[in-house]
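Here chain A shows up in two complexes: once beside chain B, once beside chain C.
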Partner chain A sequence: MKKNNRSVSERRDRMLGVATGLPAIILLCIFTVYPVFYLIYRSLFDGSLISPKKKFVGLDNYVEILSSETFHKVLMNTIIYTVLFVGLTMVLAIIIAVWLNGTRQKKLGNMVQACIFTPHVISMVSVSIVFLWLMEPDTGFFNMIITKLGLEKYPFLSNPKTAMISLVLVMVWKSVGYYVLLVMAALQTVPKSIYEAAELDNTSKFRTFFKITLPMISPTILFTCVVASIASFKIFDAVNVMTQGGPVDSTNTLVYYIYAYAFRLGKPGIACAAGVVLLVLVCIMTYVQFGVSKNKVHYQ
Partner chain B sequence: MESYNRDIALHKLGRFMNAALKVVVILIFIFPFYWMLSTSLKDLTEALQFPPTLIPSSLHWENYAHVFEVVPIAQYFRNSVIVSLAVLVLQYLIIVPAAYSLSRHEYKGKKLFFGLVLLGQMIPQQITFLPVYFMFSKVKLLGTLLPLILPFISNPFGIFMLRQYFMQIPQEVIEAAKLDDASNLKIMFKVMMPMAKPALVTIGLLSFISTWNSYFWPLIMTSSESLRTLPVGVAALKSSETLQMWHIIMAGNVVLVLPILIVYLVASKRIRNSFAYSGIK
Partner chain C sequence: MGTIQLRNVKKQFEKDVVIENLNLDIEDGSFTVLVGPSGCGKSTTLRMITGLDDPTSGEIFIDGQKVNDLTPGKRDIAMVFQNYALYPTMTVRQNIEFGLENKKVPKEERARRVKEICEIVGLTDYLDRKPSKLSGGQRQRVALARAMVKQPKVFLMDEPLSNLDAKLRGQMRVELIGLHKKLGTTFVYVTHDQVEAMSMADTIVLMKDGYIVQQSSPRELYENPNCVYAAQFIGTPQMNILKDVLPEGKMVGFRPEKLSLKPVEEEHITIKASVTTKEMLGSEIIYSLESKYGSLMAKSEHEVDDDAKLELSVPFSSMYLFGSDEKRIALDEEAKALIRKAFA
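Entry: the complex of A and B
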């Protein structure tokens, strides 16, 4: 009798578990699993955005993008952007975090931290528009400073040579506070006793940083770099608001390319094929992320 | 004695330089916001004047009235509020039971479900948007706000974080509640939810901020003016009829930034902790 009771309650427990999970399972299937498969399937078809008619073309869409010079440039731009953004942001974040972590002016230090973090919670649209205005070639604030210094006005975003780096700098300004936060959290995990030992040995601050701090936080830094790279692949908002991929495709990145092909040029087949390329990139980086995060646990 | 005095002077100078550098950094991060506000209060001539004035010579609050006339910004605002609040509230109905199921029940396929949650965190919107667009177009829902809400209420990050929290609650606490004949629902509301309050707040804050700021998704899913959210509407300000009218564009921008800025000013520390948690996981 008792045994029977137990199995009944166990069954009820199981049923309840499935029932409470079901809404989330269904939604995740509809909005994550199905779209991934449909993206791959749709990349094998031609057709337009509006009409449901489509024609099977096999791998033609892939052949078209992989042999297109624009697409090569787009991939290159995405990689350049990622390397510049992740590199600059992480170096700055480490410097600022170590600086703020060791400061005795706690109040001012907290204020700095709160201020650098502010852009991270603000919409990318707002940030893009403000910087578009600051970088305006004729009447912008940055050009006022440049002319005050006795130099010529400079069209930051409309020159293909500087458009990308301008974009990177805006993104660094927006995100660096977030990464400072993560690095500071990592700094907290370094045991104080190690620093005390170094102090007893009269180790210089410079040496302490390179021999103790950096190695101790490097697993976290590596993990953060991978996550930041995945985020960088997805850059779109700033590109669409500030440059529309121009001038001459110098800021055309992968997601902007996908968007433009789907909604401006009306070729969703090409867009889906490029989407699959993004999917592959994200998968590779996620695989790397798992490898790196195992490392992270090991070190701690 | 003299070298001692010199050391003190050097030390003081160092502290001063350090403080000065901090002020410079603060200015670098505050100035663009000031510039936005200041431009939004200038008139057209002053806004386009070169070199620009640092402080508006007179305050033109009517720019804000003007931006409400040029574009239906009140409508955008309403859409943004509806979407952000709908996602914020509805997601709890999905993620709390899901996290409970993952942390406290045993059944076949649970591992698969958890895998699904991880997959949901991994696959970005930039990959799913086209198929989802086709889907909503097929069921003729593109003319509604649903495409901006439904895909986000099964927030996989939220499920993941809540599950971690629920799993930390000792089994004895739940057994004790069960001995008191508490129903599953009661255990959920009286035991689990209060203990997971920090996680619930974190999930809510992050979700609200990201939905409010979202640009890519609503840009794709809304084609009619009446469905646009603030970021899409404000981004469109810089084209078309307001071209070069930076004082009007900035006024619109202030409307977009202000609600989040207020939330941030009120709960700065809490928000930073939330982001730190989500970044480290």
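Entry: the complex of A and C
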């Protein structure tokens, strides 16, 4: 009798679980799972977005992009962008967060925090337009200052050699405040007494940072690295507004390439194949990041 | 050598004066316990000795050297924290070695010292574990080992046993006493627990509101408290203090264990009382009593009925007299006569 009772309540619990989870599962299926499978399916076809006629081409789309030099360049650009963006952002975010967390000038700290977080709430398109003007090679604000200082003009977005780094700097400026906030939250979870113990152990500031602070916040650093890497693999709006992938494909990244093939060149099959490649790359990258850092990250 | 002196030390947190003017001498090799209720300034005092907090004014000397301007790491001290403050990302070995590495002690010397200390505190089998994989008692030992391996002049401990269960606490108390005997180094220990203070200290510094009430050996503190506060802080149940019995606001006190349920031979007074509750503790019984002078506590081996009417005897030799300012005053013949009259 008792056993029966329990199984009734267990069944009720399970029903409740399914009922409350179902709406989310349905939405997830419609908007995430189905599109992923449709993407893979569509990448095997040729034909435009508007015509209902589609031709099955097998793996031809993949063969085409993987043998295309532009696609190789785009892939390389995306990787370079990701490495530069994630590296710069993380180093800056950690330095600023450690300073903000330790500073006794609370007013200055709050001001700096507000200043560096503000770009995060501005829309990417607005930021891009403002920087387009700031970085304008002849009449832009930056070059005005540079020439006033007696230095040579910097080409910024107009030269294939400097366009990528310029793009990276804009994106770092925009996002670093957000990552500072995440790192600061992690820093505040480190118990004060551990730092006091280190002080009693006569530990230098430098060693305290590398031996105590950094390992203590390693889970957050890993998380932010993964999130930032995924986000930078998907960079699109800044490229679209500022460079359209140019000059000479020097800032053409994967998602912009997909967009261009789908909506400008009218080859959605190619775009879908590139989308699948992006999906696979992001999966591999995330897996590798978690794998590599398994022994380096300390979970409490 | 590890003497500690505090001279005219004041500590203020913004507008809050925690310690007004503290003078304290701690002898080399002593086991000194700072005891008092929370907020009495005992932890602040300890933190000023470590250098984690700076005194607002006044001077601190360790081993005769003024240390006000030395960082905690340069004071040749070691501290055990209440929550142990082990480095969670390091193994037990790394935790213990960390301070030595900072001191640039050679590798072989480090390994030798770690091995030696771990044998003393029984951690040899756990050297490669992280603190999260250890029990509370083992973490406590790591904290102790980390302090010991530095071979400091002074050990400072901030309520190190308060996170342990009662049984382990008793065991660690014995171990700490043994450790102190073995090392012969100065121990300064902060606690709010009078039992810990009484059982471990050779000198107790009783504190209240940022000043020292009494500094003496445990026995002296128990037998000769210098005020009502000291008398009531030590001993369970606390000392019976009868107010409003003697004239001029004087108070008379006696410990529950000195209240005799049977008549005594020596000079004494008698108090009539009835039992209200009874707590059986095994070796003894604690009685709550009601008398016309107020409620009393008594501790005795003798068992009486639940609602017995008793004639209690209090010998003069176990009696303490306090003035209206709560300070202890002499129990002379004149005072005895006064007490006899009041309790007649």
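Methods note: the second predicted complex is superposed on the first by the 257 of 300 C-alpha atoms of A that agree within 3 Å, B and C clash if a C-alpha of one lies under 4 Å from a C-alpha of the other, contacts with A are read in each partner's own complex, and residues count from 1 in each chain.
To be clear about the criterion, contacts are C-beta pairs under 8 Å (C-beta built on N, C-alpha and C of every residue); 3 or more make two chains touch, one makes a residue touch a chain.
Note that the structure is predicted; figures quoted are calculated from it, not measured.
Peer 1: Which term applies to chain B and chain C once both are placed on chain A by superposition, clash or fit?
Peer 2: When both complexes are placed onto chain A, chain B and chain C end up side by side without any clash.
Peer 1: Which holds for A:Pro215: it touches chain B only (first), chain C only (second), both, or neither?
Peer 2: In the superposition, A:Pro215 contacts chain C only.
Peer 1: Have a look at where A:Thr78 lands relative to chain B and chain C in the superposition and call it first, second, both or neither.
Peer 2: Once the two structures are laid over each other on A, A:Thr78 reaches no partner at all.
Peer 1: Comparing chain B against chain C, which has contacts with more of the residues in chain A?
Peer 2: Of the two chains, more chain A residues are contacted by B.
Peer 1: Check the residue A:Ser175 against both partner chains and state whether it touches chain B (first), chain C (second), both, or neither.
Peer 2: A:Ser175 contacts neither chain B nor chain C.
Peer 1: Quick one: classify A:Thr89 as touching chain B (first), chain C (second), both or neither.
Peer 2: It touches nothing on chain B or chain C.
Peer 1: Let me test your reading of the model: by the given contact rule, A:Ser123 touches which partner, first (chain B), second (chain C), both or neither?
Peer 2: first
Peer 1: A:Arg207 contacts which: chain B (first), chain C (second), both, neither?
Peer 2: second
Peer 1: For A:Thr243 in the superposed arrangement: first (chain B), second (chain C), both or neither?
Peer 2: neither
Peer 1: Tell me the contact category for A:Leu134 with respect to chain B and chain C: first, second, both or neither.
Peer 2: So A:Leu134 only meets chain B here.
Peer 1: Closest Cα approach between chain B and chain C after superposing, in Å?
Peer 2: So the smallest C-alpha gap separating chain B from chain C comes to 11 Å.
Peer 1: Can you tell me which positions in chain A touch chain C when the two form their complex?
Peer 2: Within the complex, chain A contacts chain C at residues 191, 193-194, 196-204, 207, 211-212, 215-216, 218, 298, 300.
Peer 1: Can you list the chain C residues touching chain A in their complex?
Peer 2: Residue list for chain C touching chain A: 50-52, 71-74, 77-79, 81, 83, 85-90, 98-99, 102-103, 132, 146, 150.
Peer 1: For chain A, which residues are in contact with chain B within the complex?
Peer 2: Against chain B, chain A makes touches at 13-14, 16-18, 20-21, 23-25, 27-36, 38-39, 42, 52, 96, 103-105, 108-109, 111-134, 136, 138-139, 141, 143-144, 147-148, 173, 177-178, 181-182, 185, 220, 224, 227, 230, 234, 236-237, 240-241, 255, 258-259, 262-263, 268, 271-272, 275, 278-279, 282, 286.
Peer 1: For a test of understanding, state which residues of chain B touch chain A in their complex under the given definition.
Peer 2: 15, 18-19, 22-23, 25-26, 28-30, 32-33, 35-36, 39, 48-52, 93-95, 97-98, 100-102, 104-107, 109-110, 113, 116-117, 119-120, 122-124, 126-128, 130-135, 138, 150-151, 153-154, 156, 159, 184, 209, 212-213, 215-216, 219-220, 230-232, 234-235, 237-238, 246, 249-250, 253, 256-257, 260-261, 263-264, 268, 271-272, 275-276, 279-280
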